[in-house]
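Look at the two complexes coming up: chain A is in both, with chain B in one and chain C in the other.
What follows is the complex of A and B.
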């Protein structure tokens, strides 16, 4: 087991395309860190740099105390699970799992013991003599995990390992991987573009965009305290509502006025004075869909929005209401009894304690 | 519409059957006639070769094509295999020439294809283009340079003069490169992370993926060189070293019955090879992109 430390890591591809820039991070021993972001944000490149599959253009990468910038992949003591599993099609499940150990000239008896032990953990015992083509997607995924585990590496790298599975199996395997992390206590670095996967699995999340780290924090804090508009929009499902508003001051206090209504800002948001310089100016207002509620559940500080329903989607215990207030499009997550037909008018309450305000130019969160 | 389709299929079937019979007929004739005694052969084809002996052509006014022998005889086989050692020696010559060509060509092609498929280089695409151009050239174009190089290296009139050009032929490189490019990069990366060095990636991960391609290439190369005539005639002056494929034409002029038997014996190795590797051949060629992209 080992920690992974990035110091000013930079990756530039031939042709000058900057994939990762000024990447600084310390992943502690045994931590489960998820690199998350949209396609092309540099998350897979970062993972591949840890594996040694991509050369590092600048900066220093440490595995434990060892600088590994130029260490060959085979000498890094790292295992990786690929998106397409990358199982050797000509070998049986047993041989796939034993491959790395055989190359390291581990005695046959120990190889057999280790493979069988891991096969037991992953429920693969019955499949050991099968070839990969005779396995289902979930089984292949488990073999890929088994191949990674059996070598007992310093760190595990997982590159979107669940993206080829169907929704049900994905949820199941998500839990399996989390349990496995608890069981092994090893360092896991996981790459995904799926924020639900990231939120449910990681001890800490690294949100990336265009090669830069946007924010590193626990899932809970990322959700509650996003550093900027991008993180606020990326974390949470459905996505946070964001729209232009102007902060205005009256005898009742400060309000955010937008096309379709106005929302009072609670004293908590104004307490640190960060918003003082924005009074009278245009900002970006953020409201999570979950911050809407029905009139009979009004929070302490709330604002009301009158809107017209465009669509309602029932998703089991909740309903997503797509509404339009003025020219502002909003999504609200509400109890199923709030279901309404398109065209209906609704009056939605907003918990103003949960409003987010972003600078319009820098997109950084002000409050 | 369905009636039209039915008629269309019937016409296609008949056409295919005619072509199949057309292709099979010479082989069937050779096999059945190889079981005829010499007297029956003489009676059927004597006139044909009579004309040729007198300096005329192999055509005759009356050819008696006969598929079923009046009397089944193994005498031609007994002569070809036991009584006359020439045929067996020539057969052995064929083996000595073709087997090294197949082994070396597949071996060298594996290395070259791995490099073409795996490495990036300034001149890679140009070099591969040269390979394709060479592959498209008819061998008549390269036979003179081959002769000159063999002469210059002192290999002329030795088996190596035939083996070397065969060992470095570009066809296998092209086919195998296409196949190796299909191996997912992640598989190679997984092998590297598992602890493979470059040789182990090639030997333990890449080559096993190419088993069908290697087998199909081996079959195609074997068939190609098993039937070579011009190259040994030009590069091997010593008739004692020439393969049976060259010798068959000289037998034809004389003992026709033995020619039939020898031709059948000569057909057996490629036929067995094809039967054994038919599946791999189809899979290998298909995946190499020669049949479909």
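What follows is the complex of A and C.
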């Protein structure tokens, strides 16, 4: 087991394309860290740099105390699980799992014991003599995981391992991997573009965009305290409503006025004085769909918005209401009884304690 | 009109079948006239005494063929040539493809260089090689600079060496391109897993890459085998009807007995060659099916 430390890591591809820039992070021993971001944000490149499959252009990468910038992949003591399983089609499940151990010339008896032990954990005992072709997607991914585990490496790298599975299996495997992490207590670095996967699995999330880290924090804090507009939009489903507003001061206090209504700002948001210089200026207002509520459940500080329903989507326990207030498009997550037909007018309450305000220029969160 | 009525009365499936046959008919006619029927006639000719009396003699023509010294020489030369030239053409092309797959400078220039012999017509190639390997040619002049004796390249033990070099020069480029295309289709993740798990480059080549290359290996081997029989064209242009003993190939033999209008011997030689080819190619197919079974489809 080992920690992984990135110091000013940089990756530039031939042709000058910068994939990762100024990447600083410390992953502690036994931590489950998820690198998350949209396609092309540099998350897979970062993972591949840990594996040694991509050369590092600049900075220092440590595995434990050891600088591994130029260490060959096989000498790094890491295991990697790929999106499309990367199983050898001509080898049986047993041989695929034993692949790394055989290459390291481990005695046959120990290989058999280790593979059988891991097969037991992953429920693969019955499949050991089958070839990958005869396995389902979920079983194949378990074999790939088995191959990674069997060698007992210092760290596990997982590159979108669930992307090829259907939704149901993905949820199931998500739980399996999380359980496996608890069981092994090893360092896991997991790459995904799926924020739900990231939120549910990681101890800490690293949100990336265009090669830069946007924020590193626990899922809860990323959700509650996003550092900027990008993180706020990326984390949470449905994504946060963001729209232009002007902060206006009146005798009743400060409000955010937007096309479609106005929302009072609670004293808590104004307490640190960060918003003082923005009074009278345009900002970006963020409201999570979950911060809307029905009139009969009014929170302490709330604002009301009158809106027209465009669409309502029932997703089991709740309903997503797509509404339009003035020219502002909003999505609200509400109890199912709030379901309404397109064209209907609704009056929605917003919990103003949960408003987010972003700088229009820098997109950083002000409050 | 009657035919059309009958066609209209057919159900959909039968109608599809009839129209399918009709669409295939022109090509089938061509293949039949130029391949299937002549092949049948050749088999028939190999089993009769002569085209006039047409007495059935069963395998007598084949017995006579196997006792013929010229045939034995031609068969043995062809076998020797193919046994050396074909593996070389496959292995060297694969090595070149692996080399060009790596990050080396002037990669595209090398690729063009190896492909360029394909663009040169055979007659021009032969002319160049005559200039190179003539007794008073460039190569002899060159080795004379180092005090070595001149070699009569095409009329001595070295003749097969010359033809093998010519064969490789002509065929390596195309084989190499086929291998390069196949190499680019080897799943990258499988090689990366091998890297992470600690496999050596040789292990990766034999245990991973060759598995995925097996259909191409088969194709390149068959292609090279066929081309090795076709080397007659170059040899004939270089040395004429009766070359030095070591270059007397099966096609020389067939060409000469065709000129002598000995149809029975020609037919039995052709059938023997066809049987040999079917056995070799069949064996290659079986081997490829076993080796590459899991990586295909």
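As a working rule, the second predicted complex is superposed on the first by the 367 of 367 C-alpha atoms of A that agree within 3 Å, B and C clash if a C-alpha of one lies under 4 Å from a C-alpha of the other, contacts with A are read in each partner's own complex, and residues count from 1 in each chain.
We adopt the following convention: contacts are C-beta pairs under 8 Å (C-beta built on N, C-alpha and C of every residue); 3 or more make two chains touch, one makes a residue touch a chain.
Here the structure is a predicted model, which is why all the values come from computation and not from measurement.
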item: Chain A as common anchor, with chain B and chain C clashing or fitting; value: clash
item: Touched partner set for A:131, first chain B, second chain C, both or neither; value: second
item: Touched partner set for A:51, first chain B, second chain C, both or neither; value: both
item: Touched partner set for A:84, first chain B, second chain C, both or neither; value: both
item: Chain A residues contacted in one complex by chain B, in the other by chain C; value: 51-53, 72-74, 76, 78-80, 82-84, 86, 88-90, 99-100, 103-104, 147, 151
item: Chain B - residues contacting chain A, complex; value: 184, 186-187, 189-197, 200, 205, 208-209, 211
item: Chain A to chain C touching residues, read off their complex; value: 51-53, 72-76, 78-80, 82-84, 86, 88-90, 99-100, 103-104, 131, 133, 147, 151
item: Of all residues in chain C, those that touch chain A in their complex; value: 187, 189-190, 192-193, 195-199, 203, 207-208, 211, 293-295
item: Chain B-facing residues of chain A, complex; value: 51-53, 72-74, 76, 78-80, 82-84, 86-91, 99-100, 103-104, 147, 151
